[in-house]
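I've put the structures underneath this note.
Shared chain: subunit A. Partners: subunit B in the first complex, subunit C in the second.
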Partner chain A sequence: MKETWSKLRKQPLFMPILMLILVLLINLFKDPGFFSIAVKNGVLYGRLIDVLNRGSEIAILAVGQTLVIAVSAGTDISVGSVMALAASGGCMVLAGYGNTSVTGIVAPIAVGVIVGLLFGLGSGCINGLMVSKLKIQPMVATLIFFTAARAIGLLLCNNQIIYIRYEPYKYLGNFLPHVPIPTPILVTILIIIIAQLVLKRTSLEMYIQSVGINNRASRICGINSDMICFICYAICGLCAGAAGMIASSRIYSADSNNIGLNYEMYSILAVALGGNSLAGGKFNMAGSIVGAYTIQAIMTTLLALGVSTDQSPVFMAILVILIVVIQSPVFKKWMEERRVRRAEAGKEAA
Partner chain B sequence: MKKKVLAVVLGSMMAMSLAACGSSGDAAATSAGASTAETAEATSTPADANVASVAEAISDAEAGPINKGDTITIGFSQVGHESDWRTASTNSVKAAFSKENGFDLQFVDCDNDSEKQLESVRNFIQQQVDYIIIDPIVSTGWDTVLTEAQDAEIPVIVIDRTIDDSDKYVAWIGTETKNEGLAAGAWLKEYAKAKGIDELNILVISGTTGSSAQIGRTTGFDQYVESEKWNKLDEQTGDFTQDGGQKVMESYCKSYEGQFNVVVCQNDNEAFGAIDAMKAAGVSYGVDGDVIVISFDACKAGQQMVMDGDINADFQCNPLQGPDCAKIVADLAAGKDVQKQTFMAEPWYAHDDTVKQVSYKNAAGKDVTEDMIVVTQDIVDAGY
Partner chain C sequence: MANNRQTAVRSKKRVSGNNLLLLITIVLFIVMYAAGCIVYSAKGFTHFQTFLNILITNAGLICVACGMTCVMLTGGIDISVGSLIAMDCMILADGMTNKHWGAIQLVIFVMIVGVVWGSAQGFLVAYMNIQPFIVTMAGMFFGRGMTAVINTEQVSITQDVNKLFYGWANAKIKLPEFLGYMGKKHRIAPFIRPSVILALLVVVLIFFILRYTKFGRVLYAVGGNETSAAMMGLNVRKTKLCAYILSSVLCSFGGILYCLNTMTGSVQQAKGFEMDAIAAAVIGGTLLTGGVGNVIGTLFGVLITGTINSLVMTNGKLLSSWANIMTAALLCIFILLQAIFAYIKKRRES
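What follows is the complex of A and B.
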């Protein structure tokens, strides 16, 4: 028993999952109804579903952000803005330039979604070029899109919010007909599976880690490190595009000012909460995804507890600090030493 | 005819300003001469910031009748475009100060960034525009920059939101949001009476905390909550966005399942989100449903939903400040005094005529009775 426990504790995913469970347990005190899941109107309904559903964007962003952090020891801070850009681009194509509210669409939905994804991919490629070829520091390189992407989105939307009041456009962010699971959850699962296949089947994961650990050594070994770095940023941009289209479909509009607001921070935080080092190198994608849902669990919990939305960032900060401290090596070492001392004291007493 | 009148007016202003310059010192008078000369040559070189701006403003204005192509430049610093309402406000001002009307409007969308807004206003001052229109993102921190504008003799017109820590603007045009809250309360009281609903359990999705619309609507409505002893279950902010309204309502539907029968959304975008969330949770709402939905702003899409019966009543916050702004600019150009505060007319909309009129004591302490307008297709078509 004790052995399995200590083996379990050594698992890299142990801490992130424990933290997620602890956050969810906060709700037991206030309202156990938090954990009930029902089927209403033929769809799944409950706060846990909300966490999974609303956390989709952060989880998708975390997939890309993990790779970027691993390969370049830097962060892509443009993802939130790129979400808005992708949403604006996609909606612009669907509604036709200059229209603010349409009930029908001028291009097939697939075209709109693909255009949105291409906007994301394009931004990611430009970020990647700047970081890998021009050797600009990641934060500075992505700062350009952090500030510019929303503005470009506004230009695409003629400075307005474009509404697409067309039922099928809502599918991506809500429910497909006769499917009880929110579409964003399905999309997230799909993206995670694709990412895993690409990483494992093409040994991209190994390349990314080796470039992240030592860029020069990897190059000498024959890995095209610039290309690997570029690919990671491109994937991150693509993920941001996908998250942007989901966020846009939820509200069937392109709100360039508010879509993805602060999401770059959430995505970075998700990677950190997942137990990944922001210094690059080895990474654990599953940890980042658990981290993403932890963040959403905190936000949903605060809403459920009735903490006013203005004060919730403070509570969120406190919880995040606690989680980060508990996971920090210094704290872990301290706990370990305490355990050893206790054990010794126990022996002496015996 | 118009041009002649304008010429006379401007001429007299010129004379007055020259007299003022004369008394204030030689330097000012010289620079006035210099800048007039510059404008007469029809160069667009921006005048030195140090140049006495009385003279500058006048010479710019004076250039109008002389060089027929010259226009009145106006700097407009807008909050952003977070909602349809804001877009309507922007479009209204843009239309009022169009090129065809003889204006050059410099529009800055500040994306809800108050630093950017201050910077944009400073830019306008540097460019020596003739008038500045501001829709302030925050109500404080304005005194310094407004003093700069005053020193540069550029009249500042404030629209929609208010400025609390400075009175160095010539006019404010907007709405009394507290009246909207009061009218909503008065309507709900009458509506509940007419429908025989005894107990009102209210959920509020408020706007961005601290914005004047949120404060006004909350205080107005809360007066009725208190006096009528209604039960306000909760109030959380949806930040005036659809996503915000949807998230908050999603949570409300679970926390207060079956316990509420009124939802008050402080703008239409929040109402759209809230309605989507209620639909998903299987809560029946609107005219034929269990939950009364009250919204504010009454944009075109909002009015449509009132007509369809999804929203019971919608209290418009009139966004069309453009014509009023244009009137004030015309008055100022003519040297007339303008009112420091202009409240725009605001209509209230409802799905049906269950409640025909609302009576309440407005924010100014006056008893008023106003009509509830039943939304028809014509109204929706004319909406913003």
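What follows is the complex of A and C.
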């Protein structure tokens, strides 16, 4: 029994899943109705589905953020703003420049979505160039888009909120006709599968970890480390674009000021919660995704407990600090010393 | 760069490169202001009062950017300043309006909050070895959330609420009349607020601390090379802790000046302020890698961002988001310049 327990504890996914279960347990005591899933109007309905649905954006961002953190030991803090930029770009193309509220669209939806994704990819590429070629600290390089992307989004929308009251545009963020599962969940599953295929079927995952662990050694081994770093930032930008389009479709509008607000923090938090070191190197994608849903579960729980959305960042901040402190080498060393001291004391007593 | 006095001969190249950045900043400010004077002379941009208004609006930012410079000198970053300012303003506004506390007690309380805030962040960064960005990002969320916990509504400080604070905010210091412009009948003397004088005093104080005190010299040494600073017997951790405390205290002071200018407290206040402060410091020639920087440059950085805002406002037709984009573009250019200088220096050394 003890052996299985210690084996289980060594699993990389142990801590993330434990945290998710803990959060869900709070709900079990507070309100068992949290777990009920019903079918209403032909679609699935319930708080759990809500967590999976609302957590989609964070999960998608976490996929990109994991790679960025692994490869460069830095974070891409522009993802939230880039989400807003992608949403604004996509909606601008669909509605036509200068229109604020349209019932029909001027371009096919696919074009709008692709434009949104391209905006994300473009921002990611610029970030990647600055980090990989110009050797600027990742946080500082992405700081530029952190400020500029929302402002550019506002320019694209002529400083207004574009509403696209066109039924098919809502499919991406809500429900496809005759499909009971919310579309964002399906999109997230698709993106995760693609990411896994790309990482596992090619040597990209190994290269990323190698560059993250030691950039110079990898270069000497013949890996184009600048290129790997660039690719990771580009993927992160693309993920931000996809998340932005989903967020925009959810509210069938492009609100550049509010889409993706604080999401950079959530994505970083998801990676940290997933048991990944923020110092780069080895990564565990599944952990990040579990982390993303944990965050959404926490937010839904807080909302269910009656904490306002403005106040919930306090809990998030405390959580982040707890996680990074527990992860920090200083704390680990201190715990280790304590354990050794205890063992010695135990021996003496015996 | 006075600590290079002993090694002035050897580090001449580096000093000239850094002075060049400062020079570019000052020239840029003069060119930008002159261009503004020529283009918008009809709209009163040439008046001396316009320049003073830039100082009045940015008095808080000047203090915050000085603190940010100190932190950046150690190679760290503090992105919690915007939230801390929002929290300070809310404490002041809510304390006066709803709790009827005195202005002086509240100002002292806010300064104490600054010390505690800085100590907590500094401890986590210096003694727990956690990345400054993550710590201060948690601080950013915590501050914004706490602001909402204190009060979710917008609170204004009016004359009835606190006469003393209102008096501070509206005190005018008249300058000699010949500096003013012709009104309808007689020359209108330009004026400044006491907050400007306080902010400029802070700049002078920090300038002297950085240049002539032991603490200031150690800050440069720690930022230049942490390992060699530690080998020289300097207390790296304590210095870092002090830098964060200094930053938060200056930020709290800046928050009071900011509140004197806006006279409100709200959750959405001072969003993106950290970005302005970082941009000002970077444009002023502070290296993000630490060890190089000067508050005089930072002062000019603030003036440049202030001038951009003022230009966009004077134009009247441009969207306000243009100011953000311009600042981000300038930030981008200066980061690139820094990267180029670093590259040249590296090539010369090898």
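The criterion applied here is as follows: the second predicted complex is superposed on the first by the 308 of 350 C-alpha atoms of A that agree within 3 Å, B and C clash if a C-alpha of one lies under 4 Å from a C-alpha of the other, contacts with A are read in each partner's own complex, and residues count from 1 in each chain.
What we mean here is this: a residue touches a chain if its C-beta (ideal position, glycine included) is under 8 Å from a C-beta of that chain, and two chains touch if they have at least 3 such contacts.
None of these values were measured; they are calculated from a predicted model.
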Exercise. Examine A:A247 and indicate which partner it touches, taking first as subunit B and second as subunit C; both and neither are also allowed.
Key: first
Exercise. Name the contact category of A:I161: first (subunit B only), second (subunit C only), both, or neither.
Key: first
Exercise. Figure out whether A:S328 sits in contact with subunit B (first) or subunit C (second), or with both, or with neither.
Key: second
Exercise. State whether A:S308 touches subunit B only (first), subunit C only (second), both chains, or neither.
Key: both
Exercise. Report for A:V320: first if it touches subunit B alone, second if subunit C alone, otherwise both or neither.
Key: second
Quiz item: Between subunit B (first) and subunit C (second), which does A:N215 come into contact with in this model arrangement: first, second, both, or neither?
Solution: neither
Quiz item: Which subunit A residues come up in both lists, the one for subunit B and the one for subunit C?
Solution: 150-151, 154, 159, 308, 310
Exercise. Would you mind writing out the residues of subunit A in touch with subunit C in their complex?
Key: 75, 77, 130, 134-137, 139-141, 143-148, 150-152, 154-155, 159, 262, 265, 268, 278, 308, 310-318, 320-321, 324-325, 328-331
Quiz item: What residues of subunit B sit close enough to touch subunit A in their complex?
Solution: 80-84, 87, 90, 109, 111-112, 209, 234-239, 241-244, 246-248, 250-251, 254-255, 272-273, 276, 280-282, 300-301
Quiz item: Where on subunit A does subunit B make contact in their complex?
Solution: 31, 33, 40-41, 43, 45-47, 50, 54, 100-101, 150-151, 154, 159-161, 163, 165, 174-175, 247, 250-251, 253, 255, 257-259, 300, 303-304, 306, 308-310
Quiz item: Across the complex, what residues on subunit C touch subunit A?
Solution: 77, 124, 127-131, 133-135, 137-142, 144-149, 152, 267, 272, 275, 278-279, 288-289, 319-322, 324-325, 327-329, 331-332, 335-336, 339, 342
